[in-house]
Every structure is written in structure tokens, then in C-alpha cells.
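Heads up, the thing below is written out as C-alpha cells.
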Amino acid sequence: MHNKRLQYTVRVSEPNPRLATMMLEQFGGADGELAAAMRYFTQGLGEDDAGRKDLLLDIATEELSHLEVIGSIIAMLNKGVKAQLAEGAMEEAELYRSIGASGVSAKEALLFGGGPALIDSAGVPWTAAYVDSRSEPTADLRSNIAAESRAKIVYERLINVTDDPGIKEALGFLMTREIAHQKSFEKALYAIEDNFPSGKLPGISKFANIYVNTSQGEGDANGPWNVGEQWDRIDDLSLTMPIDGGDGTARVVLSLGDEAKLAKLAARTTSDPTCNPVTGVDLGAGPGAGRTTDEDMGGADDIHEAPAIAEANAPK
Amino acid sequence: MHNKRLQYTVRVSEPNPRLATMMLEQFGGADGELAAAMRYFTQGLGEDDAGRKDLLLDIATEELSHLEVIGSIIAMLNKGVKAQLAEGAMEEAELYRSIGASGVSAKEALLFGGGPALIDSAGVPWTAAYVDSRSEPTADLRSNIAAESRAKIVYERLINVTDDPGIKEALGFLMTREIAHQKSFEKALYAIEDNFPSGKLPGISKFANIYVNTSQGEGDANGPWNVGEQWDRIDDLSLTMPIDGGDGTARVVLSLGDEAKLAKLAARTTSDPTCNPVTGVDLGAGPGAGRTTDEDMGGADDIHEAPAIAEANAPK
Amino acid sequence: MHNKRLQYTVRVSEPNPRLATMMLEQFGGADGELAAAMRYFTQGLGEDDAGRKDLLLDIATEELSHLEVIGSIIAMLNKGVKAQLAEGAMEEAELYRSIGASGVSAKEALLFGGGPALIDSAGVPWTAAYVDSRSEPTADLRSNIAAESRAKIVYERLINVTDDPGIKEALGFLMTREIAHQKSFEKALYAIEDNFPSGKLPGISKFANIYVNTSQGEGDANGPWNVGEQWDRIDDLSLTMPIDGGDGTARVVLSLGDEAKLAKLAARTTSDPTCNPVTGVDLGAGPGAGRTTDEDMGGADDIHEAPAIAEANAPK
Amino acid sequence: MHNKRLQYTVRVSEPNPRLATMMLEQFGGADGELAAAMRYFTQGLGEDDAGRKDLLLDIATEELSHLEVIGSIIAMLNKGVKAQLAEGAMEEAELYRSIGASGVSAKEALLFGGGPALIDSAGVPWTAAYVDSRSEPTADLRSNIAAESRAKIVYERLINVTDDPGIKEALGFLMTREIAHQKSFEKALYAIEDNFPSGKLPGISKFANIYVNTSQGEGDANGPWNVGEQWDRIDDLSLTMPIDGGDGTARVVLSLGDEAKLAKLAARTTSDPTCNPVTGVDLGAGPGAGRTTDEDMGGADDIHEAPAIAEANAPK
Amino acid sequence: MHNKRLQYTVRVSEPNPRLATMMLEQFGGADGELAAAMRYFTQGLGEDDAGRKDLLLDIATEELSHLEVIGSIIAMLNKGVKAQLAEGAMEEAELYRSIGASGVSAKEALLFGGGPALIDSAGVPWTAAYVDSRSEPTADLRSNIAAESRAKIVYERLINVTDDPGIKEALGFLMTREIAHQKSFEKALYAIEDNFPSGKLPGISKFANIYVNTSQGEGDANGPWNVGEQWDRIDDLSLTMPIDGGDGTARVVLSLGDEAKLAKLAARTTSDPTCNPVTGVDLGAGPGAGRTTDEDMGGADDIHEAPAIAEANAPK
Amino acid sequence: MHNKRLQYTVRVSEPNPRLATMMLEQFGGADGELAAAMRYFTQGLGEDDAGRKDLLLDIATEELSHLEVIGSIIAMLNKGVKAQLAEGAMEEAELYRSIGASGVSAKEALLFGGGPALIDSAGVPWTAAYVDSRSEPTADLRSNIAAESRAKIVYERLINVTDDPGIKEALGFLMTREIAHQKSFEKALYAIEDNFPSGKLPGISKFANIYVNTSQGEGDANGPWNVGEQWDRIDDLSLTMPIDGGDGTARVVLSLGDEAKLAKLAARTTSDPTCNPVTGVDLGAGPGAGRTTDEDMGGADDIHEAPAIAEANAPK
């Protein structure tokens, strides 16, 4: 059932199609209200635990009402351009200016006529690829917590670029609700006693506490995430190539027929490492080995000196 | 720098293109290793905190090496079909059978020739829409925690459908590393003292502790997520329509010109509620108001009785 | 066969990359000429009725020639930026200004070099998801009618933002052809005697004339679409929850083995409704329950008063 | 507000993950219930006419309840695979068989764990590219009519492949509702008095009644869509190349600077029509002009004779 | 293994979010560094030839380091907007101006917080649809050559719009490396002796040297690609409709049951070519056959004269 | 203009919906005929060189006629399922079996009704992301050469899985035409005298001949692509980190205001490297640090021994 009153009253000072395209981020964007509603709705449909099912459907329904609030803001902000486009008279140049600054407001105006569309602030259509429900509550609840945290931030950024007080106030409401939802999902996660690691299969002990310091050089840093008694830290990467004590290759047992076919394929496409073939580049490079310049692109105020690589190579 | 040995030795018992398509889920899928690597890599590039930057680049690099492990498994599983397709002789029917059962293995074979492709187990190309980095560490770390938890589950499911011991063992290693990564990201999140709510703007007090029971009826349930002293629970939804005490409408202040244009637009497209127009359906429905049947589609063993809606409506 | 002359002569007053990006909407956009051509072409290939097949191929071919007209307009509008980018000298700042205002004209210039690309006015690549052919003529012809109606509107909007007379004239031609095509498709739809409902299966009588008034509250309205003797209108939604007289639940008969597994799964992931667990939020919220403020985001000129929800809840 | 009872009771005979993937077509597919709900919801938010706004929100809300029905069917059909994957023990081969036949059921199982996901029957995520709302009621209502007609057909096809009576019955209900919705939208379209052509701009008289017979040859056919007094039919295509009486070229007026740059670009990339360059193909074709065969691929039972093209060309 | 120093030192003069969005083209765009790295990496994993495998992994690894260079440029260019958004105070209007000009920089700022995101310069997420590896080295190496050539051009265009010397210099380095990579791939292609045509199956002789002049009219041109002794050129298209000497139709042998069903389907959806049905357009066109005008859209300065089509048709 | 006869006569032995889905790869797939036609068509529209423009439009037009051939094959292969679905009677189980094996044939049947749809063999809609035209002829012609080479291979693979002689023959024709087109594009590329490197800007000499051996270890190989007098080979990667002689960092000059904001942001989100915080994982891991096992997933027949990492770390 739907009630025609919005969950939050919307008062917009004046039309502004560019601000409307920014608001699209929370209508048809990756962390927008449709993504939120569909995330919880699909989880709710598949959930067998009564408590979590209820929670998911409660919040899914509220997110749909938020979708309506943000969509109404967009509709208000676009009301001028909608009228101008539909009844367009002699003011082409003005219309062009008002929607032409951004490809997104152009698309919003030309294709969608100013109606709220399920695209993000860059005009990309909403995709269910944003929804990361996995039918495992300890993973899904963590995804929900993260999603609420992200949505909170996007609302905060929208508040920071908006100076229309009515919109700012509605955004503040919507932002705060994400905080409340995060709290609910946290409670639901930790109400599952044994929630880590997710799923049923345990990790393999000998790999579960290793930290591999794969990125090295100036900037290496320590913290509780890689130092302390719970970690077996590997700095010498030769120990992990491979980590299993094998030879680090990939092999498969093939049938004789497949072996024979692979051998024929290899022979047919073998590359001769000793040849130095004429290539298409040689044909097309004109007189010389292709155009080059000794100048950097940055102009005269070169800040770097190229290394003497040839020399460096010499002694090798 | 790249080392040609894998992080984990791969031993595959025999080629199996259908199993290969399942493994694609962790190669080019939503929670696969490319998604993981790119998630941490892009966060690392934008991060200014030395500790987190190091952590993100460490794990990003390790995920790239996992991408290589899972890709090598796929290459091994597809080695037979690759050979057969490339050197195909008179066995069309057999090849057709081996790859034809699933559209994905068909695409893997026909388009990608058995090479590991950045598609998921349904053949959908990897998209950066899977990457939810937001440049706010308290949100990003939560997203990373959730992503590791999801990846763990997908590996668990792959282990549950695989009976090749060499693959199973490698998957067990990869699954366990996700557990270790989750632990690191948790440490990094809570090493930020004030990590909730994300960002700088506080929530609005009066909306931060409300729980709205929007989904009602049999199945309503309580839990720590909606009951307890921290919650102001709303069961009477009329209190939230709207929650701000306004009238729940959306309005914008328009210029006189826009108002006039909107009025013309409304006049031009007004719908007459009193007419009962002949419609395209009437033209096309043949003799009568369109074909209908009194039978349910389910056949004779009808399990439901339709309600007597006409009667129910009658007294109203 | 292709004839090099365009169906309509194109005269463009001066290059304008921003206007070019707007024109992309009808080149690589959702209602653009490629979408139209492919819609009718794929229908035509699958159609067995000689008359409709001819009609579909006639119009598909004409739409391809329109694709050429609109693409030529785009190529003309981009000719300046193409030359400047290819022969770019010392005017970086100027080039930056001319293409930098919009991400789309940046992409058009940087990636496509000013050539007409199959993207829409927001830079989103054309996708066959726009083509809604279903191999059922009574549905496809309705889709075609709708598509022509939409394309007409987008051309109208483009005309309204263009003040180049040569482009405006060509757009007027293209817009008018969509009107003519709509007329043809309407004739073809109604030349099928029994075209409603689509397909072969009749509707179930008891559900075919019901109108469910699911959205209620101020704003409820009547019209020929929900009032009149052909409608059984349901205002009391409890009659439709569920409409079949059953209990409105979803059930499946499971094997004993699956039942046992589900029970184990439920036990493993059960949520304890009576606990009040410490959560990640509690760990991260610093001293207190997370930052909140008593101020609305809208500033001092608050227009709404928050309801006294706590009080409202009290008597319940 | 959400009521936990479904609009239609769902009774499923037994789990069947392959049938579940087919049902996904109406959950996350192009003509599925999410597409329907979002189509009407976004139109409703932007609509200013009270009657149509109410209609759109009524039907949007009902489509959301249908999304819940079809999602519940999918959840029931996948309940076995969900349990088996989550609690997977020693039956890898069996699980592999049950989900491995199709890439989609593999993705549904491995990634989504059997939960209803917003993908179609081929595993492609739902995209808002399916939603064709344009903020012009005479176009949008035609799109809605077409969409209902398409959804009706997809339900009919699902009914034709299902032999589970409970599912069949629920699908029959959902199919019938699409018929009822189409009737409502037809009424709303024709309640707008002057609904053709869509929008405000009239067509250009001289182009509005032309039918261009672009596809010629055996199979040319007549019908009310191209013959009759309302049509000016063009069979001689030389009349339309171009139709405007111009020269059928595309031109733009360039600045002198751009002209000069274009000339330099042309000189730099000019192709010499008189040369016969050695090419990469020549380098790579081995001894001779590349491998060819005189046999058709079809084998000995050739059904066609290649034309004597060389001879045919000779007299020219 | 990852080294924290970049392959090329990055010095950026000042933040510039619009320039950052342009640079995104080579970060998350179609010819950007991720596309390059993934192209070579996936080929390398599937390659069995030792030399090519080494080459592909060498260059894949270098492209990843380039991804880091271009990503670091973007992070530097966005550092101002990142700070302003995160700590946003009272300057909403200024922030709005700085990011609002383009939908892409809005998305970059609002959704991604200024962090480098895997989107292109129009905000479209990177997709593996850009990667065209096919597991056939003679095709893949040609694709790699083409990809390097494209990437070179996009870098050239970026250099042409940038006046920051540090960025320009880094771009010059990256551009030059694409040239070097192209040379390596050319060598690898021609080190395969018999590399044309790709694959094993030879072409059919009688079709391998035909050039079909399908596009005719003013503008027809000759060159070594369609004239010369290696070509059998067809100008008379009636020779190719069809080229095989058959009747140019498509047929399939159906079972009797399918034939019967098709006949019923044809009968049910037959179109009556002799009727002239009243259509939805007739219902909606108001008094007359739909609005038309005798004026072109271009205004009074009409440059074209419509042809006298009616007259032209008359004598026919 | 369109001629109703196909370019190649199509004779199909019997309907086969699974084979039809494979053929989709060349209809709506990445290297299919629509991709080819659109690639050349868009290049042709933007091309100013008369010879190349003619060539591109000739081949674009021929590819459209090939799209018609392959689409007709698909329509024939699906004719049975189309009839059965449309007139479906009592054979649900049979229909389910015939289309249910693959998600793609399910989508082809249920959504598209057996009509040829612009999707690939995995059901993914065609996207213009496949079209890599860049408005630079020396790059575009290389892309075209590569595309023809890829399309040739996909046709070869389709021939290898088909045993219907009529289809095989038509595919042989189509495959051969790709060979001929490649030859034409090669001629056109080398008819541009100075075609390498693409574009106008020369490479920077000192970086143009360097080969960086980034992937090292067993498997390192030499060939003409990295050895020989034209190459400056770098094996000691410390020389390239960075290659420019700088410090390998990324820096930007910020305003004082931005510096201050960044400092505040850093302070707010600083991570304390010395703490060891309790985390969500600790809360959820139950008694102990999370479940682990000492067994590998591969079972008893363990083929690898885990390294003694703890010991290895000990001496460090």
C-alpha cells in the first residue's frame, strides 16, 4: 500500500537542472535509494529467519519512501526545464545554455524531459550489479552496514554542495536515517552468535594468520593489521612464491588426443625467437624507425633527467 | 614486478569446461579477485594515511596474484576444449555437446577460445560498477570487510561443488586468505578512533534513533535492532507521513514564465476524467471485451477460491 | 546497397561540440536511429507474415538512412574539434575550454576524436537492452508505436534547443518521418483482427476487470481507467492480501534431506531476539552513541517542526 | 506501507533451480515486475496531472507486490539448492550436476546462494535502460501499453513451460493483471483529447504522409500501412536521395584556422590510390597469398554453385 | 610484488577536477591502462608458447604500473575537491560551481570523493567488454597492435589539452611506451611464420578475392584495396543477391507438428492487407489527421525546396 | 536501399535452439556482424578521405547484409521453438527440456520468442563498447584488421561445432569474406605512407626503444620483441622505479586552504598504528579467534606441504 504523502515534506527554492543531476546520484546511483531498497527487498524475500526478514522488509519499504522523497526533489528542480522544453518557443539559445553545460543535464532534459530518471549523476543507468546480496546473513548484513555507511557519506557530500535550505534539510533527514539503519543492521549481525568467518567452512589454520607484505619500499608501515602476535608476517616474498611448497606452476592431466592437438596447435603458432622479422611497423614507419623526438612533452622547464639506461645496462 | 611462479601451485585432474565456467565467478565475477584487487588498488592510490595506504597496496597486490591462481585453474580446465576448437576435425557433434550445454561455456569456447575471460559464471563482463570505493576510510573499510566476507562465501560454495582435490585445495587456500584480509581490514577500521558515523557531519538527533515498522502483518518480529531503550519505535505509520510535521507534499517556487508554460502544458495534456473514450483495446478486442476464461491456469486441481470481490465491493 | 547521397541534405552553420553531444541522443541513444533500425530489422528477420515483414524491412532501411543523416550532423559539428585535436599546437588551454565543460564532449573528443560515436548525450554506449522486440506481432507493433512516439518527442526537444537553421530543418524532417512511421505501425496493428490481449492465452475472467486502488490518501482521483461499469474497483486492500482467498504465504514441498539441511542452516545463523549485543558501531562511536546534532541541515530558517514522536509513541 | 501477506498465495510442488532461472525473466528481466514498477513510479513522481499521477502510483504499487510474488516463487524453487550449498557435505558431484547445466543457475547458486536476484533468465543484471519513461504523457502511456502487452506474452510463455500447477496458477493471475493494466493505460491515453502526434510541434505536411518503399524485390507487399489515399508512396528511391531537393551532402562552415588544420590532417593521412603497398598480410601469408581451399565448408553435398563472377565481370 | 615508487615521477601544478575527469579516460576508459593490463594478463595466462607468455606478462605488469601513474595524477588533481568535500563548511555555492559544470566531475566528487575511479571521462564504469582477447595468437597480437595504436592517440589528445608541464611530461612518457609496446607485438606477430589468415581453416578460394562495391554513387573511389589484379570486383550488385547462385531465401525443414503450429500462429496473427482499419492514431488525432504544418522547422530562411513527390509519383 | 534476397542462400536441416544460441555470437556478439557494420559505418561517416570513406561504407554495407544472413540462420533454427511457445498446448515438460538446458536459450525463447536478438551466446546484450573507432585512420585501420582477424576465428570455431551442411557452408562464406576484408584494410593502412606511430606527436627517443623485463623468474624468454640492437633492455627493475631519475612520488601544489582542510581530514581519520583495537571480528568470532581447521580442503591426498613460515620468519 502506498500513501501519497511523502515521508518528508519537500520545499525547493527554485528550479536548477544542474543541481537536479547531482541529486540523481541518490536516486539512480550506486548508493542511491533504489539500490538500498532492492538490496534489502531481495534479501528479505529469500530470508527464512523471521526476525531478519521483518527487519529487511521494514527498511526496504522505508528506502522506497526515501526514493520517493529524493525523486520529488529532482522533479521540483527540473520543473522549469520541463515546462520550457515542452512548450519551447523562441528561446533555443537560452534552453541550450541551461541544459548544455553538462551531458547529464542534457540527457535528463532531452531524453527524460526533466522527469526523475534512474540514472546517476553522470547519466549512467542504474544496474543491479550494485546489489551485492549473497543469501548468507553474516555476509549480507556486513554488506548492508557498508552500504549504509556509503550512503551516509554521499548524502553528506550532497549537503555540502547545496545551499537551498529546504533541500538541505530533507537531505539531512535522509542522511540521518542511514545512520539509524546502520545501527539496526549492526545489531542484527551481532545477534548471530558465531558470525565470523561467514559461512560454515572454517579457514585453514596455516594460512589464516599470515600477512604478506607484497608492496615494499619507502612507505612500508606497521599497524595492528599486520603486526602483533596474531600475525605471521611474511616480508621475504620468495617464501610465498609459492606458499604451498610446490613449484608454483599450473598443470592439468590431458588425454592423449588433446595432447596431440595441443602439440599441433603449438607447432602451427610457434614463434621463432631467433628471427628478426620485418613487421608492419617497419613498413609504415617511413624513412627511419618511426618518428621520435628528444624533447619531453613538458616543454623547456624539464624537471626530470632521464637515466642513462644504456650505460646502466652496459655492465650487465 | 611480477614473478612467474604462482602463489599457490595448481594441479587439475582433467579438463572440464563446465567447471571452468563456474570458476569464472571468482575471476571476472562481482566478488572475484579482479574486483578485490581494483577495490584496494584504487583506494590505495587515493589514500593519504601512510598506514592504510600500505595495507591497501599490500592486499591489492596479493589479490592480483590470486587472480593469477584462479585464472590458471580456468586455463587448465579449458585446455582440452581449446585444443579441440583450434584443431577441430570431424567431431563437430562432440564439440557441440561438450560446450553446448550452457550458454556460458559456449561463449567461453567460441568467443574466448577457452582462455580465461573477465566474465562471471553467467558470461556477463566484469564491470567497475562492482567497485564501491568512496574515498572515505570509515566507509571503504566497511565495504572491504563486507567484500571479503562475500568472497569467502563464494569460495566456500565453489569448494562445495568441486570434487577435483587439487582445485579444492587451491580454493581452500584462497578462501582462507579472504578471512585473513577481513581481519586486517577490521583492525584498520577500529584503529580509527571515531569511526561512526562515517564522515564529518553528525546525524540529526531526533531522527537518529527512530525505527519505523513499515512492514506489518503476521510475521512482525522484535529484536535488538528495533526494540530497546535506544530505539524510538514507530508502529503507527500515520506519524511518519510525513515525519517532519509538514504536509508531505513537494513544491518548488517557479518563475511566472515557467508557471505559464506549465499551465499551457497541463491544458494541452489534460485528461478528461468524465469521458469514457473508445480505446485501441476496444478496436482490437474483437467481438467482446477481450478474451478471458473462467479457468485458472493451474488446471482442474485448483487450490484457491477467488474472493467474491464484487460482493465485497457491493456494500461499500 | 548503399547510396552515398543522404536522404536529407545537411547544412551546418558552424562547429559546436556541445551541440554535437546533444545530437548524440538520436544517434546512439535509447530512442535514437540505431535503436529504431535494429528494432525493426530484428523483427523483420523473424517475421513470417509477408506484409509485416516488408513493412518492417522498409522502415528499418529508412531508419538506417536517418542514422546516416544524424551522424553526418554530428560529424559536421565536431569538425573543428577534430582538426584542433589532431593537429594540436600551442592552444591547450583553448582546447581544454572547448571540450572540458562536459564529460561527454570530453569523451567524444578524447576517445572518439570527434567522430560520431554510438553513445548517448551522456556518453553511455548504446546497448541492445533498448530493443524490446518479442516475436509477437501484437506486442511488437505496440512497442513500435510507442518507440516512434518517443522518438518524435526527443526530436522535438532537440529542435527546441537548436538555433542553427540547417540542423533545425533536418531535425524537422526526421521528426516528421517518425510520425509517418507511427501511422504505418498503427495500421499494421489493427489489420490484425483480434489483437487484444496479445498472444493466445486468454486472461482469467475474475481478475481481468479489477482495479486495485493501492495508492491512497489525498490525491486519489477517478477517471475512465478506474471507474465505470467495466471495472471492479477494490479500495479495501485487505481484500487483495491475498486476492486468491489463500493465506498469502509462499511454500514449497522439500525433501527430508533438504529440510534437515535448512534446519541446520537456520540453527547456525539464528538471531537471538532477546540479546542486545555490543556491535561494531558501539566500538566505533567514540564516547557516546555516535555524533548527532539537534540542528537541521537547512540552517536557521527551519520551515518544519519535527513531530513529538516520543510523546506520540507514549500512549501506545 | 508493506503488508507481509502476498497478493497471491504461492504453492510450489518441489524445488527446481532451472525453472527458477526461467522465472527470473519476470523478476529482473526486461519486461519483469521491477521494470514495470519503476516505469510507473518514475512517471508518477514527475506527473503533474492528478488523475494520471494517481493511476501511475496505483499500478506501480501493485507491480511491486507482483515483484514480491514472483520473487517468492523463485525463493521457493531455489530452497533446496540454497540448503545444499550452505550445508554442503560430501555430495559435490550432485550439486555440480544440479546447478551446472546452465551458467545462469550456476551464478544464481554460487553468487546469489539461491536468493532471488535482479538478473534475467540469462544472468544479466537488471538495468534502468529498460525503463523508457519520457515525461510526455502521450508517449509514456503508449510505452506503458506496449510494456503491458510484452509482459503478458512473457507470462504466457512461462505458463507454457511450467507444469507445476501452483506456479501456473500464480502466473495466470499475474498475466491477467497485465491485461487489466493495459486497459487502464489505454483509457488514460484516449482521455487526452489530442494525443497524436505526441508533443506540441506539428509534423511538416509534405513529409507526413510519405511511405518510402526502401526494401524491394520479391516479397514486396501492400497493406493499409503503405497503400491508400492517405499515403504518398515512393517506389523510385532516386526521389529520396535526397528527399529535400538538395545535393544530399553534409557541409559545415569552418573557420580559416580549422580549414588549415584539416588540410594538414588530410595531407598527413592521405592514402595514395595508385600505390600497391606491401602489407602485413603479405608478410604473414607465407608462400602465396594466404591459405585458401576450393571446397565449401559444407562438405561434399554442396547445394549451391558459386556464380561465375569473373566471367560476369568480364564484359563490363 | 609491488614497489611503492612510481615508474614515473608525478608533479602536478595545481588541483583541477575537470582535468582529472579527462585523465580518467586512460584510467578507466576503453583504451586506458586497466584495459591494456587485463588484455595482456588474460592472454598471458592462457598462452602456452613460452616466448609470447613472457612477453605478455612483461607488458601486462608494466601497464599496471602505468595505471598507477595515471591514477596518481588523478588523485593529485582531485586533492583539493576531496579536502573541500570532506571538510565542507559554508562554501556550498563554490563547491557546487567547481564540480557542477560536468556530470562526470560531479560523480567523481559526490560518489567517489575525488578518488581515482575506474570510470571513463564520461563517468561510464570500465567494462571487460573492452578486452578482446580470443586465445588465438595471430588474432590477439593484431588486437594488441591496434590497442597500442589507439592508446597512443588518446595520450596524444590528452597532451594536446593539458598545459600543466609535469602532467604533460608524464603523459609523454606513457605515450611513448605504447609505441614501444606496439613494436614488440609486431615482432611477435611476424615471428609466427604463417600468420594469415588467422586460425587453421583456409578461406574458400572463390570468395577470398572478391570486392563488393556495395556503396555507390558520387564518391565512389578506387585504391589498392579494391582495384588491381588480386581483386575480383563486383559493381553489379545483382550478382551478389545472392552470391551463391541460389534463390537468396532462408529455409528450414520443420516437423509436421511444428508446421501445423506455425500455420495456426500465422492464421491467428494474419494481417488483412485489404482492410483500412480505424487505428489508435485516428482516435487520438483530434479533428483531422494529426497536426501538421507547411513550414519547415528551419524558419523563413529555407534553403531547400521539397520535391514535388506527388507529381513525381503521378506518372508511375 | 534493401534487397530482400540474402547475399547467401540459407538452408537449415532442422530446428535446434541450442545451436541458435551459439550462432548469436556472430549476430549480437563482440565480434559479430553488427559490431563490424557499426565499426565501419561510424568511421565512414567521420572520414574525410574520399578513398577510405568509400571503402568503409562498402564494407559496412556488406556487413549489414551478413547480419541478415546470420540472423536468418538463427530465425530458422528457432522456428520450432517459436511455434511451440506461441501455440503451446499440453507439452510443458517437453518445452521446458528443449529450452531449459541453457539460460541463454531460455532467454531467447521466453523473452525474444525465438526471434533473432542482439545478444551474444551468453545472452548479454550487444553494447557499443565493442566499437573501438577513434577517428584516426592509422589506428582505426589497425583496429579493423584486428577485428576481421577475430571475426574469422569465431566463424572458424562455429564451423567446428556445426554439422548441419547448409549452415556450415554459409558460415564458410561469411568467414572467407572476413579474410577478404582484412586484405582491403591492410592495403588501406599501408597506402598511408607514414602510418607509424599513429597520430602526429612523435615518441620521446629515450623511452621508445626500452624493453622492461618486469616479469621475471623461470620462464623468462627472449625473442625479437625484446632482444636485438633496436632494444635497450632493462632487467634490473630498480632502474625503472622510477625511470625518470626523480623520486617516484606523486605531488601536487595545494592552496593553503586546501592544505588546512587536508590536515583536518587526516587528523579526523588518522589510524593509530600502536593500538590493537577490539574489532567486529572479535565480537563475532565466538569462543576463539574464528573457526579454522588444520586440514586442506583437498582431502587426504594432500599433494603439497605448507611451508614452515613461522620458522622462516623466526630469524628475521
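We just call them A, B, C, D, E and F in the order they show up, numbering each chain from 1.
Here is the rule we go by: a contact is a pair of C-beta atoms (placed from the backbone, for glycine too) under 8 Å apart; a residue touches a chain by one contact, two chains touch by 3 or more.
These numbers come from a predicted model, not from an experiment.
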Set of chains whose contacts include both chain F and chain D: A, B, C, E
Equivalent of D-F within the choices C-D, B-E or B-D, defined by over half of its residue contact pairs recurring: B-D
Chain whose Cα centroid lies at the greatest distance from that of chain B: E
Euclidean distance of C-alpha centroids - chain C vs chain E, Å: 22
Whole-Å gap separating chain C and chain F, where each centre is the average of the chain's CA atoms: 26
Where chain D touches two or more other chains at once, by residue number: 1-5, 9, 11, 30-31, 51, 54, 57-58, 60-61, 72, 75, 82, 84, 86-88, 101-104, 111, 113, 119, 122-125, 127, 129, 134, 136, 138, 145, 153-154, 156, 159, 172-173, 175-176, 179, 182-183, 187-194, 196-197, 199-201, 203-204, 207-208, 210, 214-215, 217, 219-224, 230, 237, 241, 243-244, 246, 262, 265, 271, 273, 275-281, 283, 290, 292, 296-297, 303-304
Of all residues in chain F, those that touch chain A in their complex: 138, 189-190, 192-197, 201-208, 210, 217, 221-224, 228, 230, 232-236, 239, 241, 243-246, 271, 273, 275-277, 280-281, 283-286, 289-297, 303-307, 309-310, 312-313, 316
Partner chain E, residues of chain B touching it in the complex: 1-4, 28, 34, 38, 41-43, 45-46, 54, 57-58, 60-61, 64, 67-68, 71-72, 74-75, 78, 82, 86-88, 111-119, 125-129, 131, 133-136, 199-200, 277-280, 283
Complex interface listing, chain C residues touching chain D: 3-15, 30-31, 50-55, 57-62, 65, 72-73, 75-77, 79-80, 82-84, 86-87, 127, 129-130, 132, 134, 136, 138-139, 142-143, 145-146, 149-150, 152-154, 156, 159, 172-173, 175-177, 179-180, 182-185, 187-188, 191, 196-201, 203-204, 207-215, 219-226, 230, 237, 240-255, 258, 261-262, 264-265
Residue numbers on chain C that touch chain E, as the complex places them: 1-5, 9, 11, 48-49, 51-52, 84-85, 88, 92-93, 95-96, 99-104, 106-107, 109-111, 113, 119, 122-125, 136-138, 145, 159, 165-166, 168-169, 171-173, 175-176, 179, 182-183, 186-194, 200
Residue numbers on chain D that touch chain F, as the complex places them: 18-19, 21-22, 25, 29-31, 101-105, 120-124, 153-154, 156-163, 214-220, 237, 262, 265-266, 268-273, 275-282, 290, 292, 296-299, 301-304
